[in-house]
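In what follows, chain A forms one complex with chain B and a second complex with chain C.
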Partner chain A sequence: MTTTTAPAVAAEVTAPKPLKRRKRGGGYKLFRVTMLVLVVITFVAPIIWMLLASFKTNVDIYNPAAAFNFTPTLGNYETVFGQANYTQYIFNSFWIGLCSTVLSLILGLPAAYSMSRFVMKKSAALVLLARVIPGVSLLVPWYFIFSNMRMVGGYEVLILSHMFVSLPLIVYIMMSFFDSLPIELEEQAQVDGLTPIGAFMRIVLPLSVPGIATASILSFIFSWNNFMFALVLSGSRTKTLPVAIFDFVAYASIDWGGLMAAAVVVTVPIMVIALFTQKYIVSGLTAGATKG
Partner chain B sequence: MKHQSMFKAVGVTAAAVLAMGALASCTSVSAGEGSDTVRVTLANHVWTDIIKDRISEFEKDTGLTVELTQLGEDQLSDQYNVKLNAGTDEIDVMMYRPLQEGKLFAQNGYLADISDRVTANSDWNWDDFQSGPVGATTWEGSVVGVPTITEQEVLYYRTDLLEAAGLDVPATLDDLENAAKVISEDNPGVAGFVARTARSAAVTQFSSFLYSFGGDFIKNGKSVIDSPEAKAAYEYYGGLLNNYGPENVSTDMSWPEAAAIFAQGNAAFYTDASSLYKNLTEAENSTVSDSVGFAPFPAGPAGSKPYNVPSWALGINEASPNQDNAWKFIEWATSPEMTLDIQEAGVPGARDSVWADPAGTASFPPALAEAVAIGSETGVGYDRPLVISVAEAREIVGAPIVEAITGGDVDSVIADAHEKFQAFLDGENK
Partner chain C sequence: MSATATTRKPGIGHSLSSWANQHRKWVLAAPAMAFVALMIVFPVGWTLYLSVTDASGSVRAESDFVGLQNYLTVLSDTERFWPAVGRTVFFTVGALSIEMVLGMAIALLLWRPFRGEKWVRVAILLPLVATPVAVGMMWRLIFEPNIGFANQLLKWMGLPAQPWLSGQDTALPTLMFVDIWQWTPMVVLILLAGLTSLSDEPEEAAHVDGANAWQRFWYITFPLVMPTFITAILLRGIDAIKTFDILYATKGKGGGSFHEVETLNVYAYGLSFDYNRYGLSSTVLILFFLMIIGCIWILTLRKKRSSL
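Coming up: the complex of A and B.
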């Protein structure tokens, strides 16, 4: 992402004054390339290390001399998918992420729309409060309530707890998105005979697809990566990937290879989703800014 | 039209999700009093793997169903903190660390009193359990846990390096320092000695040095970490790492890092828990798997006094309505036969009988079995200050270790730690 957008921005900024651009020539270029390389290395190196380590034995992982020169093994992946039941955990993570996102959209879109159109500052602040309160402080009361309701260990409690994160996120992203939509469109629709709700459903929502996509993807990623809620509220049947990954850390032995293979399994789907949808993420995030 | 169908799809999905939620709530089984389901929470451990494989035998014999939750050490702690705090009755049997959490759990009333249960069955034989570990699972005269796994501090060494240097296996701490010096001078790039260096993690492994110098953490409720013996121990442990430890030694190493340095062939001596030996002796983990030697903890001025502790125990949740069946599980998992089977797989048990049985020690490297046996006899039953807030206490008494490793002003840090530790103890005893 950085590599593709940076030159475009630079060109845009400097285009009207080509002379100046020529002046700062070599030094600036070198600086830019160095910084880009540094950033890319910083972000990509841990992922490469994880990927390489997932094909190594424990003894090679610890050996700096075997950083690139080693005999690859598929044993770690066999452990992950054979003994460790990861297909179930992948499904759990996926299902909980999907349900919490869809439900948050159903509740969050109308909420964000009304907060944007009717200027409900206090309600908006209340929603923001949910983002400010540290989730960990809610764990004990949540556990107490849900265990009395005999819900701990089920999917529904995990979906509800993840909605606590995704709902405010969706509301906030969509609020600024709706703010940027010209109100004249809706007025026009009402003149043409639509009710306010009809205008929201038929005019505003279809125009907001990029924003909705951004919010859903971010919400899904948050849910996919959530560890804390799942640790306490999931059962052995509903364990999600971030919790399951710790199965490779045992007392007096750590299976680094298995851990890294599991980390790859956790990371790859989300990276693929992000790669294919980055167009939406970028356009959604910047939409408010350019139209504002 | 296209968008309408999208909304329909969203609506249908939402309805399906809600329906599924409702269905799932109806199907969740409540395991109450006398329930046939025993809910067991265990830590990730070789011990747990063996038990897990054999749970079907237990289910067949008793007609009960076991619902097993298995978590890493820290995750288990986090979960207990939340769940037990909320007064959960959804855990029946809990695997816990007697020295780390035992006192806290017992004081908060999380652990059921099982004194009558342990003595009820003479075949199961409670007297067979080692006294050190039993002491750690007893609270104010009541038994609250059954020790399952024990460990002692031992000395790991490289047989090839010792042979090349023409040295004997160190029997005293002076010998150890001398051997570390000789080997680190003879072999550039190889450290004479490695051990844990992180402030909190090092405390347990430092404890054997402390006891062997004649020191202790607490005496009659007062901090004694500023005694001359304790000072000597701090200086010895830190000095060994400062002078003969790995170059630019980090002060953030727990066992995975320290064991890795030894397993990569970069250190001659390593002191740590006996339970870690497979990280050093298995070829998939270690480049020196063929040349690892084991010795009892070297003697200091007060003799060889390694810790001999129960690292894990099983207890019953006081709030569980299903305590009778929970006890059946514990009785099965800690029976003499099961303890022997598990020990044969390399997990040291807490029963004297398995150590007396040749079959019980056959799976261990002979020198390690001997070192463990000696450690069990001379050992001290705790490896950290016996307090309620163990984590906080470890941070305090661990500070001088780090200072000694970096070669700083140990005396002033000890004085400071002593003062803080005394204040901490006063606070706990209020």
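Coming up: the complex of A and C.
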């Protein structure tokens, strides 16, 4: 309604606008609040359902009367961390995500800077092509090469394959960030005696911390969520969390409680990160989208 | 890079540094370009090569050149390939169009500031960052025909139970729903960024001229946000056409026992890693890749025209 915007509207001189704005008052506000609540429920309720199920025994999961009225148990989490050995998979996912992000930053930051400052359209298009190619078409040759080098199942292969996702992402986000950074700062630094590369290292990079944070968080999330590459290239020792969940249902009948606990273990860390870094994630996902 | 540390010292370090600075355009970009060439361009070339051989079985096995034989086999395959193309198109077009409409509606809903805005934004961010395989498993429980919440909801409303993921005809639409649940927020965020960057003036002018809410949206806001809208179609469409995780995680090998959710990506993956027919799968992948490039080309043409 107009209550919150009233002072700002009243301050303006034009008469017709406040009149018209008041027209969409009560009815519209009620409609908007209802729709917003509906949107929030649609997106959050399934996640809450998964959380609830992860604290239920399988007997309670099979009983509709126990949907909300049940005695919570940690049994499913004991399964996941005990016999299913998820501590190892959490470490694997974390380590692969961290390494692929750091390596992609080292390669991607200078490249994005150069592509932004020298307007290297063709090279940028080549890197962005990586976003378009279906992952399977790279997996086949990688699998050929790395099995002949007997590297399949090692961390190195997984880190390299996840860089295929994170490097283009980092270049894409950082290019639009560097584009928005005024070039005068670097020119001034060069007048003050820094070399161009020195200006990049000492002036541009420190100023780019928000952009780098955005790119790193997204790159880590994409690596953490990646399924297909690890499905083919990981071994039993280097399995990542998505593959571990997939294997959870591969044997015999489904242990729903354990499966939901495993799903919670994978998604909750990412959701907590998202909660605290919301602003960065949104700016990264929408980078370059509004440039037309 | 040692360039900055040695700038003040004369000698070899100095000349190296000045060489690096003179050629900085390529010095800075080269490592990333080399990675892309080794890990992407070379493998794509290899896929092209495999697509004209009969490579299969072990990765160390010999393979023979068979010319365009694989392409003929694939293109005349009405049992697996063409149905997979159909499912890919159905899934992508269906999910994408609903995501765009819902995304636009929710973006308009969130556009003007309101109290509690931050919490609504967090809520729509959650599906977006969740691991797709875990999302697949979550919906698998909800859509379980006997114990799932979905059928219970239908029962409360007095409607008959549905087989959902286990039905031959309902599996793919159910997975489209999951895709829509997870990725509509992405469209919302992109469109919201586009809407926020618009100036208020055109809409206010229309307001003064007496245009109603729908007219203001259809004739003013929507055309203005069109370039962002097409970007959102591009970004989401490229990912939607390649959807793999939720399909494979809920239906497994071959897209279910009747191949009911076998899209091109699932088909190509299965040919490669479940049946080891690398030559044939490379052919499918090349055709798939051409299809994606074609779609992007048409959309960018459209975008250029609309932003003129």
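As a working rule, the second predicted complex is superposed on the first by the 250 of 292 C-alpha atoms of A that agree within 3 Å, B and C clash if a C-alpha of one lies under 4 Å from a C-alpha of the other, contacts with A are read in each partner's own complex, and residues count from 1 in each chain.
Simple rule for what comes next: contacts are C-beta pairs under 8 Å (C-beta built on N, C-alpha and C of every residue); 3 or more make two chains touch, one makes a residue touch a chain.
Owing to the predicted nature of the structure, the values given are computational and were not obtained by experimental measurement.
Partners chain B and chain C, brought together by superposition on chain A, clash. By the touch criterion defined above, A:151 lies against chain B but remains apart from chain C after alignment on the C-alpha atoms of chain A. In the superposition on chain A, A:249 makes contact with both chain B and chain C.
By the document's definition of touching, of the two partners only chain C reaches A:35; chain B does not.
In the superposition on chain A, A:105 makes contact with chain B only, not with chain C. Within the superposed three-chain model, A:276 lies out of touch with both chain B and chain C [touch as defined at top]. For chain A, the partner touching the most residues, choosing from chain B and chain C, is C.
Of the two partner chains placed by superposition, only chain B is touched by A:205; chain C is not. In the superposition on chain A, A:236 makes contact with chain B only, not with chain C.
By the document's definition of touching, both partners, chain B and chain C, reach A:139. Once chain A of one complex is fitted onto chain A of the other, the partner contacts of A:62 extend to both chain B and chain C.
Comparing the two interfaces of chain A, the one with chain B and the one with chain C have residues 62, 106, 139-141, 143-144, 147, 201-202, 231-232, 246, 249 in common. Put simply, chain A touches chain C in their complex at residues 4, 16-17, 20, 24, 32, 35-36, 39-40, 42-44, 46-47, 49-50, 53, 61-62, 64, 67, 106-108, 110-111, 113-115, 118, 120, 123, 126-127, 129-144, 147-148, 160, 163-164, 167, 171, 194-198, 200-202, 221, 224-225, 227-228, 231-232, 241-242, 245-246, 248-249, 256, 259-260, 262-264, 266-267, 270-271, 273-275, 278, 281-282, 285-286, 289-290, 292.
Within the complex formed with chain B, the residues of chain A that make contact are 57-59, 62-63, 99, 102-103, 105-106, 139-141, 143-144, 147, 149-156, 159, 201-202, 205-206, 231-232, 235-236, 243, 246-247, 249-254. Residues of chain B touching chain A in their complex: 3, 7, 10, 13-14, 17, 20-21, 24-25, 28, 30, 43-46, 67-73, 75, 78-79, 82-83, 85-88, 90, 255-256, 260, 263-264, 273, 275-276, 278-279, 283-287, 311-312.
Against chain A, in their complex, chain C makes its touches with residues 1, 3-4, 7, 17-18, 20-21, 24-29, 31-33, 35-36, 39-44, 46-47, 50, 59-60, 106, 109-110, 113-115, 118-135, 137-139, 141-142, 144, 147, 149, 152, 181, 185-186, 189-190, 192-194, 197, 204, 207-208, 213, 227-228, 231-232, 235, 238, 242, 244-245, 248-249, 265, 268-269, 272-273, 278, 281-282, 285-286, 288-289, 292-293, 296, 307.
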